[in-house]
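Heads up, there are several structures right after this.
What follows is a pair of complexes built around subunit A, which joins subunit B in one and subunit C in the other.
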Partner chain A sequence: MNFESFFGIIQVFVAIGLVVSAAAAIRFKNLIAAVLAMAVFSLILSLEFYVLQAPDVAIAEAGVGACLTTAMYLLAIKNTTDEEVIE
Partner chain B sequence: MIEGVFFYSALVVMIGAFLALLRVFFGPSVPDRVVGVDTLNTLVVAGMVLLGAAYDRTIYIDIAIVYALLSYIGTLAIAKYLQGGLR
Partner chain C sequence: MNQRSLHSDMGVIVKTTARATIPLIGIFGAYVVSHGHLTPGGGFQGGATIAGAGILFLLAFGLGEMKKKYDHHLYSALEGLGGLVFLGMAMLGLGVAFFYNTLWHNGPFNGEPGTLLSAGYLPIMNLAVGLKVFTGLMSAMVAIAMYRRWKE
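And then the complex of A and B:
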């Protein structure tokens, strides 16, 4: 197997994972499950930056997506209610 | 050809990560999804190390180290939220 076919297979896997996790982050009703799906999306996006050979962008994306965004969203969900307000 | 071996093993690890992504997507409860995300983090770190060996760049291993640390912090934040201790 040469480099180009391997690169294409990895790109197909990463693209399917990105689409699936993005759809899950939008469609989940449970807010904790949506935050988990968003963390998975950030992880796969960081892997995509890694595969495309941009290591500094991958480090920044991993730091922001895995640690900061998850903790901030969890703090926001903790301090609010997860029910829709019906007027 | 030693790099082809690393390409094959990285592809096998990616298939395992895809199965863990299915667990995140179809998991009936939130702790199932947390365990799926933790498995996905570990498999992607392993895939990043193998891809760093396949690309033959030493600097790419640092991203795997950073992500192994940050995924631990993210999983710990979600676990503390589910326990009820997140302030």
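And then the complex of A and C:
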């Protein structure tokens, strides 16, 4: 398998994963599940940055998206409710 | 939800693993910061990595242990110091221009490109940005974790 076909296959899988995880993040009613979907979205986006040869952005995206925002959202959910409230 | 879940610490396995892992994450973050001009990474990435070690400490040992180690005035002062060091490095070559890299043109850090001391003020600026990002993110995380739910 040469590099171009491998590159294209990775791109297709990354695009599908991004769309699916983003749709899951806004469709889930449980907020903890939505935060986990956002963490998966950040992980796949970091992989996409790495494939597009931007390792600097990939490190920033992985560190901030996987660790900091997830912990921050979970701490915020802990102080409120973990179910979506429709008013 | 259980209101006291963050105030108590985790189990033995998590705490032992955190004791082993936190120095490794800190050393790797310091490597990313100090080699920011040679390898991918830099001030923000390394600072966020070290802040991840701090969040691991907060989650593994609980908020009570974090309150003993965390000094609000020290972190606030260090964040200001990071910004001031960045501004001071930018104003070192003010005789020529703002952001003039005088440490590389006629200073001590003018090594062969590719070595550690070869970029003038860039490693010092990376250290300043890393310090500022780490202290700012840790202050924000501890402030969010210490926030108490108001009574309805």
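Please note the rule applied: the second predicted complex is superposed on the first by the 81 of 87 C-alpha atoms of A that agree within 3 Å, B and C clash if a C-alpha of one lies under 4 Å from a C-alpha of the other, contacts with A are read in each partner's own complex, and residues count from 1 in each chain.
The criterion applied here is as follows: contacts are C-beta pairs under 8 Å (C-beta built on N, C-alpha and C of every residue); 3 or more make two chains touch, one makes a residue touch a chain.
Worth saying up front: this structure is predicted, and the values here are computed from it rather than measured.
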Inquiry  = With both complexes superposed on chain A, which partner does A:Ala76 reach: first (subunit B), second (subunit C), both or neither?
reply    = second
Practice prompt. For A:Met38, select first, second, both or neither according to whether it touches subunit B, subunit C, the two together, or no partner.
Written response: neither
With the two complexes superposed on chain A, say which partner A:Asn30 touches: subunit B (first), subunit C (second), both, or neither. first
Across subunit A, the partner (subunit B or subunit C) reaching more residues is B
- Now for A:Ser46: first (subunit B), second (subunit C), both, or neither, which partner does it touch? first
On subunit A, the footprints of subunit B and subunit C overlap at residues 55, 58-59, 63, 67, 71, 75, 78
Subunit A partner, complex, touching residues on subunit C are 1, 5-6, 32, 40-42, 44-45, 48-49, 51-52, 55, 59, 137, 140-141, 144-145, 147-149
Given the complex, residues on subunit A that touch subunit B span 1, 3, 6, 9-10, 13, 16-17, 20-21, 24, 30, 32-33, 35-37, 39-40, 43-44, 46-47, 50-51, 53, 55, 58-59, 62-63, 66-67, 70-71, 74-75, 77-78
Given the complex, residues on subunit A that touch subunit C span 55-56, 58-60, 63-64, 67-68, 71-72, 75-76, 78-80, 82
Within the complex, subunit A is touched by subunit B residues 4, 7-8, 10-11, 14-15, 17-18, 21, 24-25, 30, 33-34, 37, 40-41, 44, 47-48, 51, 55, 59-60, 62-63, 66-67, 70-71, 73-74, 77-78, 81-82, 86-87
